[in-house]
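After the structure tokens below, expect a handful of questions from me.
Chain nomenclature is as follows: A, B, C and D, assigned in order of appearance, with residue numbering initiated at 1 for each chain independently.
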Amino acid sequence: MKLTKEQQEEIKLQQSQENFTKRVTVKDLENLLYEAIPVLDHGFIRVIDYMGDDTSIVQAARVSYGKGTKKVSTDSGLIKYLMRHWHSTPFEMCEIKYHIKLPIFIARQWIRHRTANVNEYSARYSILDKEFYLPSEANLAAQSVNNRQGRGEVLSGDQAQKVLKLLKDDAERTYDNYESMLNQRYDGSTIDNNKPGLARELARMNLTLNTYTQWYWKTDLLNLMNFLRLRVDHHAQYEIRSYAEIMLDTLKKWVPITYDAFIDYRVGGTEVSAKGKSVINNIIKGKDINMEDSGLSKREWNELMSAFDLTEKIIE
Amino acid sequence: MKLTKEQQEEIKLQQSQENFTKRVTVKDLENLLYEAIPVLDHGFIRVIDYMGDDTSIVQAARVSYGKGTKKVSTDSGLIKYLMRHWHSTPFEMCEIKYHIKLPIFIARQWIRHRTANVNEYSARYSILDKEFYLPSEANLAAQSVNNRQGRGEVLSGDQAQKVLKLLKDDAERTYDNYESMLNQRYDGSTIDNNKPGLARELARMNLTLNTYTQWYWKTDLLNLMNFLRLRVDHHAQYEIRSYAEIMLDTLKKWVPITYDAFIDYRVGGTEVSAKGKSVINNIIKGKDINMEDSGLSKREWNELMSAFDLTEKIIE
Amino acid sequence: MKLTKEQQEEIKLQQSQENFTKRVTVKDLENLLYEAIPVLDHGFIRVIDYMGDDTSIVQAARVSYGKGTKKVSTDSGLIKYLMRHWHSTPFEMCEIKYHIKLPIFIARQWIRHRTANVNEYSARYSILDKEFYLPSEANLAAQSVNNRQGRGEVLSGDQAQKVLKLLKDDAERTYDNYESMLNQRYDGSTIDNNKPGLARELARMNLTLNTYTQWYWKTDLLNLMNFLRLRVDHHAQYEIRSYAEIMLDTLKKWVPITYDAFIDYRVGGTEVSAKGKSVINNIIKGKDINMEDSGLSKREWNELMSAFDLTEKIIE
Amino acid sequence: MKLTKEQQEEIKLQQSQENFTKRVTVKDLENLLYEAIPVLDHGFIRVIDYMGDDTSIVQAARVSYGKGTKKVSTDSGLIKYLMRHWHSTPFEMCEIKYHIKLPIFIARQWIRHRTANVNEYSARYSILDKEFYLPSEANLAAQSVNNRQGRGEVLSGDQAQKVLKLLKDDAERTYDNYESMLNQRYDGSTIDNNKPGLARELARMNLTLNTYTQWYWKTDLLNLMNFLRLRVDHHAQYEIRSYAEIMLDTLKKWVPITYDAFIDYRVGGTEVSAKGKSVINNIIKGKDINMEDSGLSKREWNELMSAFDLTEKIIE
């Protein structure tokens, strides 16, 4: 990640602010505010603003449940209770805003989380930077056989180099032709004063999907956790997971109690179907179990065994 | 509005906070933070938290439109442009949270604005306070003849007194019976130790719709303005308008530039249909106009004339 | 439930329609269309319209996953897979619309499900019917000691009668006074021609929360299941559960394959936290377990044991 | 637009359905159902399903406003009233589902309309077709000077040909390299059995933004109109406008009364700010007006004059 001088100065200026406020503040997150945390080769995540902290969740829950919540004596106990029982609205009382730079093909996955506010850099109005994502060699992997969407067998040195070269060359060539069609360079300067340029809204269609874009992305804590639960999962594509992992760290700094409950109940937890419960129950009671009688498919069976870390030995 | 000693102390405590932050702050809104602003006879509105200010809208818009927005030289010019052209997403970058006490029949109107986060005091878990809304005499008015939902002819002194007495007596009696069914008083104390009480979730059904409830209500600036546009309008019911007007004032303190644009384009503006435009155009050109040829209904015709402040004289 | 003659005729008329369509249709749901299914003492649920069936989910999923989904050979297998992995968007491709009559205090819970389209009968414009909910004697129960929101100890005969009488008398008196303030009867006829009436938008505040209202409620299949999962649960209030159970039956008729998966994974399933998984794993491995070392609270511990139907014996 | 034989047969099969239903049906839309209407060079729009018609809006409104709506004697009058006063919920009672094939850079604009249900073809799971959008020569235009996002001066013959060639060559080359990296052709066949391929989720990043994708897109009538109002506007990009115009035609076939009101109040209507109203009022009263005193910016002034079709002559 390389920031322009202009960007570096803006960040410094933002970080030098020192305002008084009667609102709740979170010191660990304040320390991180505006900082550009690198992701992938040219991307970044910046926390731009936030509203509320762990106590805001408790405050809202106590309004809902009134004197009834006094029985749960600690904030931590209450937050765990809310998380466990999927109470959603108190977590919506906190809000966070990020500034994110990311490749377009990742932005297209991301935007499917609808409950968020977004302002994206528009290539209808402005010229996109000449920056595109190239995976590291370690991440270039062949699509695995069992999982059509994952990566298994890593591409060998020569083949990896060939792929990287193709990606790089195509991105550069299409970008150069983008400038040429615009008759403008990335900095807005005209190439040939005697020629008209193509409209930006059209020229952009020549760019490849690994071109970087950027946006402001604002969401509440509940929907942030919904996003993270899906995107830190090992089924998520490596590139979006890279962003999610950094955001998970900002979650920890922002609302540490909620973070703990989130890890215990969501990230580390599992769901068990009615049929799955019956299998587990039979194992405990020492009954014979087998996939055929369980009503589970092979895939479900494997997921269940894996969730409870059951090796063949134990279940036989 | 009467706050309990406990509430007064909590507000004082919240207002005594003095935290440092690198986030943007708004001094005029900080001064108002946590304060309970009275509405109706027992209601209040408190601003509990906020995120962003006028510059946050500009910041987000400039990311969207990039170098393109530099042509609009001032923040104020840009915000007016965004408002005029119904650009929505930059206004979603600001967020505000209120604590509101309001009668249940108003809460039922309010909740129909779905794009907001809400935690309401729950009468399943807790006992509602013995507080109910009674209109002032000036506001007790007969339903007008032309507008089924409005109020026209004011009820006369005796009749008004009779209505107020009915409302008061019924609210008190149903509340007393609520306590009696619960076998508990409003403060949670048991009435008769030898009797079981009815579940709170059931007993509450005996309360009248003017009983006060309270909630935390959080929304973004765009949806706040959508709410205010509908609810400060003179067609809105007086009681919800009373809340909206106070919120309009918090809007002014929070984002003064946006407020000005909102008043000019939304609150003070009007919409004109294709047919309406044709009528206005004919008036200007000095052509004869009349309702029959215009294609407008009587109601539309009147709305158009009233929007442009056209008396009979001018249009004849 | 008593339908007016007018309502009965309207239903008969709607049911007599016989239109051709190229859209997918569901015979079992068609048979039920427009029928008023009774709920509680005066409420009802009617299915008014629907879009799509089980195959619509499969159709949408196959567009998303393209040739990749061909590996899941059956519709049923694919729907189960989607349900298990919380794939949400294919289930949003089906839509259903209900007409529902329900007490106001239940409507207030219901409306908190925001992702739905609603048109409610408005007491600003029209006079509400003289119908209010009175629980059956069997359902009048004292609030249980362990669960502030539930009902445990059933009120005894005399006390139950007393409560029912209070509820009935208060509802009737407040309704009579509502008419008196309006100076109109429920059918719109004027009571005293020489007196003005109070505006409907104000008079309604005198009604109790068990007064019946009605609405059209339309949602997609995903959000319907989110609603049902919470509302058929035994923690849900009996009154809303009564509605949810009937809607669950319409779900079964509409999308039988989805219904089966929903029952297995959602209604009958459970979630287990990271700590809970460790406890289960230890039980299976024959290790000693106890609450203190597990990191689970008493409540969590009990919930876990109950989810897997583990009696004391087994775990000791 | 070229459909595969498989697609043509599927459409024929869908159109041959003839089911009975008690639901409301719309003959003009039934006739169009499943048909692939061509858009741009390879895109299409298909209406896949719908719920409700004009009478469904009226039905829902009459539940809301009860006996109050009887005063508006006709369905058409009521729908016009609802549209004029921005009543939103009755229009949400109708739903429509489209199958759409469109270039990725247009899909990225489109998806910003969040209140819709979407299932998009996933390039994580499947190989995208070798189809990309190339503008017609007439649409290749230089970005205009006054409007950074529009197109003004049309590119001349030679320059247009050069641009088209660049677009075509780059799209083809990047697609060929996409196949090469995958080690698979568009039909899933392996190129070289002795080489591993790159994961699909990675290879897709080499495609250009004019590659076609497809999705199922479902929304309610209110949000469809919100989409159309913005996207049939002449400020909208030509490519998305091409889709919107065809959808506008499906709107007309589906809900003709609503369509008329939509054209009159939204598409053909205009908004006037408080300051703008004052200018119009002064013109009518024969007062002198000028931009400086009006408080309007040059742009606003021009927009106002243009909205009311006022030439210089009239206003001088």
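The working rule: contacts are C-beta pairs under 8 Å (C-beta built on N, C-alpha and C of every residue); 3 or more make two chains touch, one makes a residue touch a chain.
Values in this document were obtained by computation on a predicted structure and should not be read as measured data.
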Interchain contact steps from chain B to chain C (minimum; 1 if touching): 1
Rotation, 0 to 180 degrees and nearest 5, that superposes chain A on copy chain D via CA atoms: 180
A-C compared against A-B, more contacting pairs: A-B
Centre-of-Cα separation between chain D and chain A, whole angstrom: 29
Distance between the centres, which are taken as Cα means, of chain C and chain A, whole angstrom: 33
Whole-Å separation of chain centres (CA-atom averages), chain A against chain B: 35
Touching two or more other chains - residues of chain C: 68, 89, 112, 118, 125, 148-149
Complex contacts: residues of chain C adjacent to chain D: 14-15, 17-25, 30, 33-34, 49-52, 56, 59-61, 63-69, 89-90, 92-93, 95, 97, 99, 117-122, 125-127, 188, 214-216, 218, 220
Complex contacts: residues of chain C adjacent to chain B: 103-105, 107-108, 111-112, 114-115, 118, 123-125, 133, 135, 139-144, 148-151, 153, 155-156, 159, 163, 166-167, 170-171, 173-174, 177, 180-182, 195-202, 204-210, 237
For the chain D and chain B complex, residues of the former touching the latter: 68, 71, 77, 80-81, 84, 89, 112, 148-149, 263-265, 267-277, 280-281, 283-285, 297, 299-300, 303, 307-310, 314
